[in-house]
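In the two complexes below, chain A is the common chain; its partner is chain B in one and chain C in the other.
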Partner chain A sequence: MSRDKIGVDQWVEQYDQRVSRAKGIQGFIEQTSRRLPVWGWLICLVVLGALLPVATTNSFAIRIAGNIALMGILALGLNVVAGYAGLLDLGFIAFYGIGAYVYAYLSSDFTGIHFPTWATLIIIVVVSTLFGLLLGSPSLRLIGDYLAIVTLGFGQMFVQLTTSLTRVDLPGRDKPVDLTGGPNGIVNLDPLSIFGLKATTVVHYYLILLIVFAISILIIYHLYKSRVGRAWRALREDELAAQAMGMPNHRLKLQAFAIGAAFAGFSGGLFAAWQGSVFPSNFDTTLLITVYAIIVLGGLGSLPGVVLGAVIMIAVPDILRNAPLAGTLFYIGVIVTLFSVIKPRWQAIVLIVAIAIFGFILRAVLVGANPDAFTTLKPVGALISDTVRSWLPIPNNAMVVGNYGFAILIILVLAVSRIKRPLWRLAALVPTLYLLLFVWETRLVAEPSITRLLFVGVLLIVLMIYRPNGLLGQRRVEIA
Partner chain B sequence: MDVFLQQLPQLLINGLTLGAVYALIALGYSMVYGVLQLLNFAHGDVYMIGAFIGYFVMVAFLPPDGPIIAPVLIIIFMMLLAMLGCGVLGVVIEQFAYRPLRNAPRIAPLISALGVSFFIQNAVQLTLTAKFRNYETEKLIAPGLAFDFGNARLSVTRALVIVTAIVLMIILQYLIRRTKLGKAMRAVAIDREAAAMMGVNVDQVIVFTFFIGSALAGAAGVLTGIVFTRIYHFMGFSAGLKGFTAAVLGGIGNIPGAMLGGFILGLTETFAVVFISSTYKDIVAFIVLIIVLLLRPRGLLGARIAQKV
Partner chain C sequence: MALFELQNVSKHFGGLQVVNDLSFTVEKNEIVSLIGPNGAGKTTILNLITGLYKSDAGKIVFDGHSLSGMEVHQITRLGIARTFQNLRLFLNMSIIENVMSAAYARTHANWFQIIARTPGFWKEEQRIRQLAEQKLAFFGERLVGYRYDQPAYSLSYANRRRLEIARAMMTEPKLLLLDEPAAGMNPKETQEVTQLIGQLRNELDLTIILIEHDMGVVGGISDRVIALDHGEKIAEGSYEAVATDPLVIEAYLGRNENVGRK
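Then we have the complex of A and B:
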């Protein structure tokens, strides 16, 4: 604003500029997303999603897609608790587990009870909501971070109880009773059945999950726009101010907690039906962190963010299991990152060329000095990976060297991030990225399950530092 | 009742050993929380790294066979290197993962801390694999060595753990109560901005806090290795949770509270194992925590301060 206007509050006037709009492709997406109503998006989502089983019969792909929808539902629930109400609930997965176990109790030979699906699902929602209230009502009185520890403890207790409640002396029974099946879980659960139709294949479950996901988004969206939703956001921004405005803080928090728990329980029930069994290990901390990563990645409180976050967090780790695909994706990712981070763009090209030359020189020197110490890696059947593999000098004890390389890589990355001069930094990136490629080919590609968790860890740190509001979060201006 | 009285001294010894380890971990949590109001979820993993540093130092110094020269020196060396290594690690974590987020919304450093924790665990699993490793304590300290008190036996290993932990706590108390740095730390904990205005170098204080807290975690890691022998990449998670619980129990941000909380938790768990069942010891610990928090929302020794706006 060049000039002050009379009678107009500058702060209000400049609102649009402060909620800064991105330009280019990102801006286009943001603009369109504002224009299209939410049900329009949902129809797009469902139609596009429903096309997947038509397009491919690959059950692996459909399974991943189903998993995305399932995790999406779970993340929507967490989004209410952590994203809207701002409560750091680290016991959230326990509600998911409660839902799954209730489903298992009500539809298996373990208890001998076989309820119809609709009744089971209703009971699941009621029970998990009750548990949400039960945990919430005492612990929400705690101040700030104390909530995190109590809920984390609750989550751990759930896993431990389900693992260990196998020989419990109940009054009125002679023998100890097995309440949870222990680490072996409860197996052979009934499939979901709706109006007499049984869901048996992956495609059925995928479609069910997709529709439930869409409906959940719709519910949460309206919740977000409602009076309660606004109150939650006010609570998240400033608890004291919200209270001063007459908001019933405790009740609002409890509502958020219960609704989150209900969604988690429901998705847990669907999960149990889909997997056909439940085990305590399904509800461990890895899942908790994955779900947090989903909502944080997309942007706390953002609904499209949940969809995006679920796609990235579930699809990427699964893709990592497939070495050729993982390799290609990794290299594309590295190149895209380089081009988007390094400005001007030609420097990125120079960098890539420099790495290639550096690699050739290093290879010539090392292999020239001691040709017996080097070997070649088996090609994986993907163009970029195989090119890189034949270009890298691979020592005979690749695993050990790769491990040391990984340790050095961490130090190099930390050091590079500290270099202030752009040119120096560019120069330092050459050996760093070279080492990254080396470690990727020797170690990371070989250990997909560890790599995905490393990836989650790095992602959480980097994202928090560079985009604390997530990929699709509203870029807020902090008022000091 | 007689059985109970006979068991009591031994249980106290075992509980104190466990409690000493918990207390050392809790101190790091509490100190960091005191100056930054940050729950450092990566603290448990720093402790795990400490156990591994101690292990590798021990492997490097233990001859494969033959007599061991100066086992005491080896133990001291293990402790010192683990404390130094963990201290540096803590400072690095602070520099790279928490410092850029100092003015971010409160949830951001928490998530970042979860990320650090995940990263460290999996980096260790990648490079050192997931297998268990065992401290060869019996080579350093003869297993038979013990003090007998009628019903109870205090092995030298356990005595070492308890004494070391208490010595470290006394040093820490001296550092915080008597030195200039400690004064600065307390000032930052009370009001960071005011301390900065009075000429306290806040960044430096935070770095020192992380260094000391992480070094204590490293010491706890080595002590765990010495007394319970088995170490692995995931040990930091449950130990971190316990340390955290202990810190909260005593009143987070409160140094004597963390020690008290650690010992109470250690004793509770030991008694729970004997009188209830070993499978429920963690659950008992959490139930105790929840009860304490409901009765005293700021922990046992936590100050009851009015919230400022």
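Then we have the complex of A and C:
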């Protein structure tokens, strides 16, 4: 695309030469990544993603990867609504649910209808878009918090209705009719079938989701870089000015809402096919929080952010279920965090050595005083975890002590965050981190379901402090 | 017939009458300045014209269309664009995107064209990109080249004002409303802005309504000056006539009590 060089003076022309460039391999990667078009990135994503089933036959890993792609598609839709248009839509999951239930209605014995997959998917997109318009056109006149309340109500309504519409009197029927299957949901759904090929294994679904994810990113990117995308962002930045520049605010918001609903519905349909069943509990608030966490974590409005956010939010909680893997990741995470947060670096090394010495001394004192009160934990089969386990003094009633330790840990963390002097803070970190390791080994690693929630909470808090715009979000200012 | 006409327009907020039975006309290709002390109702008039406020009484006519009951963006489509006194840029968008976004009403790429990136889409995109670059080039070399892709928040105050004018120009207005375009600028920049407003009128055949406190700007460029106080017109005419009008002096400085006693 050639451009007229209007008003380009020498200083402007030489801009490229004045910008410092990294040399060597790093420079090559930087240059290439800057020039690579979006579809280039997406081909990389799909090719790398498609290598996973080749590299491993572990269906657990492939299931996680498929889940990442599925949540990625869902988050892309929310990214349009919340990230681009700036609408706080808390009923977003309802559209996902609508997509899933439409799939269930059109491909199961529950209704006796078995449509071909392509027809079902088209109907899903149409229906969820219509619902988006239906909810959007009255409620988008509301601003900010009010929109959030109304849409939250809609999301709850969906779960309530799908749970309770089991005995509905319809005109022309003698007996009450079961419309949704209630809490037991609708089961035995037809699998996806494309060109006569049925998707039956995890790998099939993973590959389908991966490709749909890549295409979705491309579509959203194209919208982003267009008149509509610019208008959405303008609305988010300053609705009044956008109107005064000729942008029809209500219509644009409605379009964003409908696009979001369409993506949510589509991913809901794929979800229903993959799971082979739908239940009201699939669409509760936990999922809403997860999806919002994905886009906030990655950076609101950032497409690479959605990918990264989905990987972190979906993969890490699942990895936590696997104790040896979780332990290794945890310790690597702690060490990396220490080295990146504590400057200068030598202080981090001193800190780690100090914790080790502190641990040995504490162990010698405690075990020396009362050897009968201590025991050893079973090794989990990972080097770092087992080393730490043999180094920690583990009391006989590890669970109970771990609970107290957890409470004390929270107090210590709060206290450390209040200390202003760097050296004092460093010193205070020694017992705090020691206690963290203790609580991790005695308590957290044993209960992944709680740990994953803690992980999400801690992650978001740390993120809010250090990168308020998300991991890959652009810098945003709110000053007028 | 005049391009723009305000007929007996009134507006009150609660018990406060901000604009009171105000009428004036603006001819095509004219530069009209609204002056008056703070709180005289100048910005309120711009807000009434652009549809941000609805008037209580009276009629606003532009190019043969009555503006009453129209939405803000519809009024912009008719050919009225404005800048804001307290700068309302899309701060987190790039400079070129700020300007390009204002072409929304004049672009027509549909969903299919956008998603499939058809040749029609590219043609339109390229066209508005060039237009936007032209608008930015109006301000010399300040907003061009590497600056295109920088976020708007990186701009200085004076450049933000310039960008707002460029953005307003992108809607291809017939009538441009400038709300204190020289606020926060140094004397040299103020002079430049004055020149620029004249240039906009002459080269692009624009009609301009200007609100400005800097009398250098007002005197240097206005064809006609309308002085307001408490929402009422107190004087109208050439700059010299209005500036020496006793009512205007009184509105700005207050009545000199000592004059009567001597």
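Simple rule for what comes next: the second predicted complex is superposed on the first by the 442 of 480 C-alpha atoms of A that agree within 3 Å, B and C clash if a C-alpha of one lies under 4 Å from a C-alpha of the other, contacts with A are read in each partner's own complex, and residues count from 1 in each chain.
Criterion: a residue touches a chain if its C-beta (ideal position, glycine included) is under 8 Å from a C-beta of that chain, and two chains touch if they have at least 3 such contacts.
Please read these numbers as outputs of a predicted model, since none were measured by experiment.
Enquirer: Contacts for A:L48 in the overlay, against chain B (first) and chain C (second): which applies, first, second, both or neither?
Expert: neither
Enquirer: When both complexes are superposed, which of chain B and chain C contacts more residues belonging to chain A?
Expert: After superposition, B is the partner touching more of chain A.
Enquirer: With the two complexes superposed on chain A, say which partner A:M157 touches: chain B (first), chain C (second), both, or neither.
Expert: First partner only.
Enquirer: Contact-wise, after the overlay, does A:N403 reach chain B, chain C, both or neither (first, second, both, neither)?
Expert: A:N403 contacts chain B only, not chain C.
Enquirer: So in the superposed three-chain picture, is A:L142 touching just chain B, just chain C, both, or none of them (first/second/both/neither)?
Expert: A:L142: touches chain B, not chain C.
Enquirer: Answer with first, second, both or neither: which of chain B and chain C does A:L240 touch in the superposed model?
Expert: A:L240: touches chain B and chain C.
Enquirer: Shared contact residues on chain A, chain B side and chain C side combined as an intersection?
Expert: On chain A, the overlap between the chain B and chain C contacts is residues 240.
Enquirer: Within the complex, which stretch of chain B touches chain A?
Expert: Listed in rising order, the residues are 33, 37, 39, 92, 96-97, 100-101, 103-105, 107-112, 114-123, 125-127, 237, 241, 244-245, 248, 252, 279-280, 282-283, 286, 289-290, 293-294, 297-298, 307, 309.
Enquirer: Spell out the part of chain A that touches chain B in their complex, as residue ranges.
Expert: Listed in rising order, the residues of chain A that touch chain B are 82, 86, 88, 138-139, 141-143, 145-146, 148-150, 152-154, 156-157, 160-161, 163-164, 240, 285, 289, 292, 296, 300, 403, 406-407, 410, 414, 417, 443-444, 447, 450-451, 453-454, 456-461, 464-465, 468, 478.
Enquirer: Give the list of chain A residues in touch with chain C in this complex.
Expert: 1, 3-4, 6-9, 11-13, 15, 219, 222-223, 226-228, 230-231, 233-234, 237-238, 240-249, 474-477, 479-480
Enquirer: Which residues, counting only chain C, touch chain A once they are in their complex?
Expert: 50, 52, 71-73, 76-77, 81-82, 84, 86-93, 97-98, 100-107, 109, 111, 114-115, 117, 121-122, 125-126, 128-130, 133-134, 136-137, 140-141, 144-147, 151, 153, 167-168, 170-171
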